[in-house]
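Letters A, B, C and D name the chains as they come in the text, with residue numbers starting at 1 for each one.
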Amino acid sequence: MIDKTCADPVAAIQPIGDGASVMVGGFGTSGIPYGLLNALAEKGARDLTIISNNAGEGEAGIAALLKLGLVAKVICSYPRTPGSVWFERRYKAGEVALEVMPQGTLAERMRAAGSGLGGFFTPTGYGTKLAEGKETRVIGGRGYVFEPPLSADFALIRGETGDRWGNLSYHATARNFNPVMAMAARHSIAEVRQVSTEPLHPERVVTPGIFIASLCEYAVRP
Amino acid sequence: MNRRSDAEMAARVAQDIPDGAYVNLGIGKPTHVAAHLPMGREVLYQSENGLLGVGPPPEPGREDRELIDASKRMVTAVPGAAYFDQCDSFAMMRGGHIDIAVLGAYQVAETGDLANWATLEDRHPPAVGGAMDLVAGVPTILILMNHVGKDGSLRLLERCTYPLTGLGVVSRVYTDLAVLDIAPEGFRLVELTSGNSLAEVQALTGAKIHV
Amino acid sequence: MIDKTCADPVAAIQPIGDGASVMVGGFGTSGIPYGLLNALAEKGARDLTIISNNAGEGEAGIAALLKLGLVAKVICSYPRTPGSVWFERRYKAGEVALEVMPQGTLAERMRAAGSGLGGFFTPTGYGTKLAEGKETRVIGGRGYVFEPPLSADFALIRGETGDRWGNLSYHATARNFNPVMAMAARHSIAEVRQVSTEPLHPERVVTPGIFIASLCEYAVRP
Amino acid sequence: MNRRSDAEMAARVAQDIPDGAYVNLGIGKPTHVAAHLPMGREVLYQSENGLLGVGPPPEPGREDRELIDASKRMVTAVPGAAYFDQCDSFAMMRGGHIDIAVLGAYQVAETGDLANWATLEDRHPPAVGGAMDLVAGVPTILILMNHVGKDGSLRLLERCTYPLTGLGVVSRVYTDLAVLDIAPEGFRLVELTSGNSLAEVQALTGAKIHV
């Protein structure tokens, strides 16, 4: 029998150890797996590489990991959110490394990893500082940059409803990076507002359970 | 000098957005364009975080903190809207499906080069977001910006001095002083803010304005 | 006001002329836009390039176009369906050109076109006859083949429900190639079992209307 | 020679599919594996045309001609199933998310090379479908085939003579005469169909069987 449900976020994040790379869903404060991040902060796994669109804001979520000094590196597109004080502090003190890339390239590199592709050519960033040192190619008169796949040891996903097979639905713009991260990581962990005892309708599934290793309920809305 | 206010600049941009267009509004000043759309036009606004059909802010008591735009402000979804993930969202941009993007800028060059994501003086960590993807794929890039920097620096230039967002991507620039097209010969005057002379505006522009 | 609805399939396919390249959704007999294909056969546009997973079966759909001698070339992954008699006849007589590629590569090349990418490296087909003459690259010890984007002048899409904005839902495995073709073509035309006067719920939209140029109702189920 | 029937071969493959696996069954003989899954195991079958959770054929009167499998036969969807498009379907395959694929073959080489999409004599147009994507991404490829061709030709070989589907991709071969692993040294015997001797099976195999 397939049953991917976990008792709670603490049980779900148990496999994450020191030095892990961790994708974290969300954009701004929407679609962030706060329950899993709180559990990870409490566990205190160190030397983490965090891959997310932003670099945390306020005191919760990714910001809590940064505050506790658990993060060695952040890979993201937009670390300069108002309220990203813990990231700025750690960054200016040289305590956290930063790799910035265009948001669409971040998403597409994850998709390439999840889809078994070896990389792709994107027009995004061609001729700019963010393409320096990268392979480029002119195709049909346009310039493109080669981008390799981006995977991670874990992904932390926030969904709306989930079932025991790991199928997920999302709510409004909380979808954002969650589906692609679920595909891209080797072990994807979801928290959902509600674990349903009934299977999701197959037309309504956004993330098929094959991409999810485990899920738990965390009913708190942001 | 007579200067268009932010609202007047946004309203001027809105005049150029045709009925039925798919439009991405960048964070900051461009978000105000939607409020000025002339009556009778239906435009679908895309937000890069996964919504096509951004509506006005929610009424009090109907806020949803998980329904936000790229500026991270709470919004609503209009009839005909759709939610989707980041891959589909950026496919819409890079793939040329979005018709128009309205963006802010630090600098624009007469070649259409755009610099809007980092300055040289910046002491904050670099942050690019979706700007480079937008200019890589959206066929019409409209820039809404103040003509001159707060420190008096010129921002419409022969060449950008700040790191580029994209090369040769800008179609038209809307400032407090003028509206200028990017033409093969460089900046080409569309209109001056009423009451200003070309000589006055040229003096505040770092490249030739062609008439 | 945005209203992409058309009176009927005949009106919807009106822009398709001689020499057009046309993507056609469907797998087997599921998710095929029979209404649009019938209208196209009746119109008699010639010298068409048809891009689809299969090459038609029986007497309807793509098979009708082949029977009428309207097809110059077929790009597909699996033209050998039982009942693909018209394709076999035209192919053996040298009256239609054929380009075959792996099914996942066919889908991914369409997605690259729809997503503005310049191409990608896939492990599929590496070392086989279908990779002959193509650029290859070894990445991380694995062999990959470079594949360019695949666009078309038109796509013919079969959906379940559509609204005036062109938003589409699908039914069961009739989804197949339809969403990716809608993205990939320059002008995508949908037939749906039902045009709804109410907008689709934004969570239930599979193909956002931005990818659809026009749509019409064709209520006949296969 | 004692030969396993098609049903016995399918049942033998099913023994090796663990509880909770995600499995793609190729068209033809492999589709019968599902019917032989041992009790107490829950396996989700993927169909490349966009269904994870393929169920048995529909009851009379409940057929849906738009709910089909890769063999284009009408099926049902089990609880826990999901529908998706071709891009996501092939991402599951190429990306290594599907655990096991069971495929037919014309030829298998001792190196694990597989030929299952075209022959040399074939007078039909070439047709590849999803076979190359499956073997490119799915970590465990199980082959279900007759040991010898209808014309008596050997099909387990040192090298394939037919066009390849993939190189070094096969894990295990299940035939009417034997079950063989692909090991570093070549074909390695797992079991003989009861009543046959190794010498008899070796005589019908075009490469050495290691024991």
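Throughout what follows, a residue touches a chain if its C-beta (ideal position, glycine included) is under 8 Å from a C-beta of that chain, and two chains touch if they have at least 3 such contacts.
A quick note: this is a predicted structure, and the numbers were derived from the prediction, not measured.
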Chains in contact with subunit C and also with subunit D, listed by label, are A
Taking contacts as defined above, which has more of them, B-C or A-B? A-B
Just how far, in Å, is the C-alpha centre of subunit D from the one of subunit B? 54
Using Cα averages as centroids, what's the distance between subunit B and subunit C in whole Å? 35
Quick one: report the Å distance separating subunit A from subunit B, using the average Cα coordinate of each chain. 28
Inter-chain centre distance, subunit A versus subunit C - centres from mean C-alpha coordinates, in Å: 33
Would you give the residues of subunit A that are in contact with at least 2 other chains, written as numbers and ranges? 108, 111, 115-117, 122-123, 170-172, 202-203
Give me the residues of subunit B that touch two or more other chains. 51, 77, 83-84, 87, 90, 93-94, 136-137
How do the chains pair up in terms of touching? List each pair. A-B, A-C, A-D, B-C, C-D
How about subunit A: which of its residues touch subunit B in the complex? 27-31, 53, 55, 77-81, 87-88, 91-92, 98, 100-108, 111, 122-130, 170-180, 206, 221-222
Within their complex, subunit A touches subunit D through residues 1-2, 111, 113-117, 163-165, 167, 183, 199-200, 202-203, 205, 208-211
What residues on subunit D touch subunit C, complex-wise? 47-51, 64-69, 72, 77, 83-87, 89-90, 93-94, 118, 124-133, 136-137, 163-167
Touching residues of subunit A toward subunit C in the complex: what are they? 108, 112, 115-123, 137, 139-140, 142, 144, 148, 169-172, 202-204
In their shared complex, subunit A is touched by residues of subunit D numbered 19-20, 22, 42, 44, 46, 51-53, 77, 79-84, 87-88, 90-98, 136-137
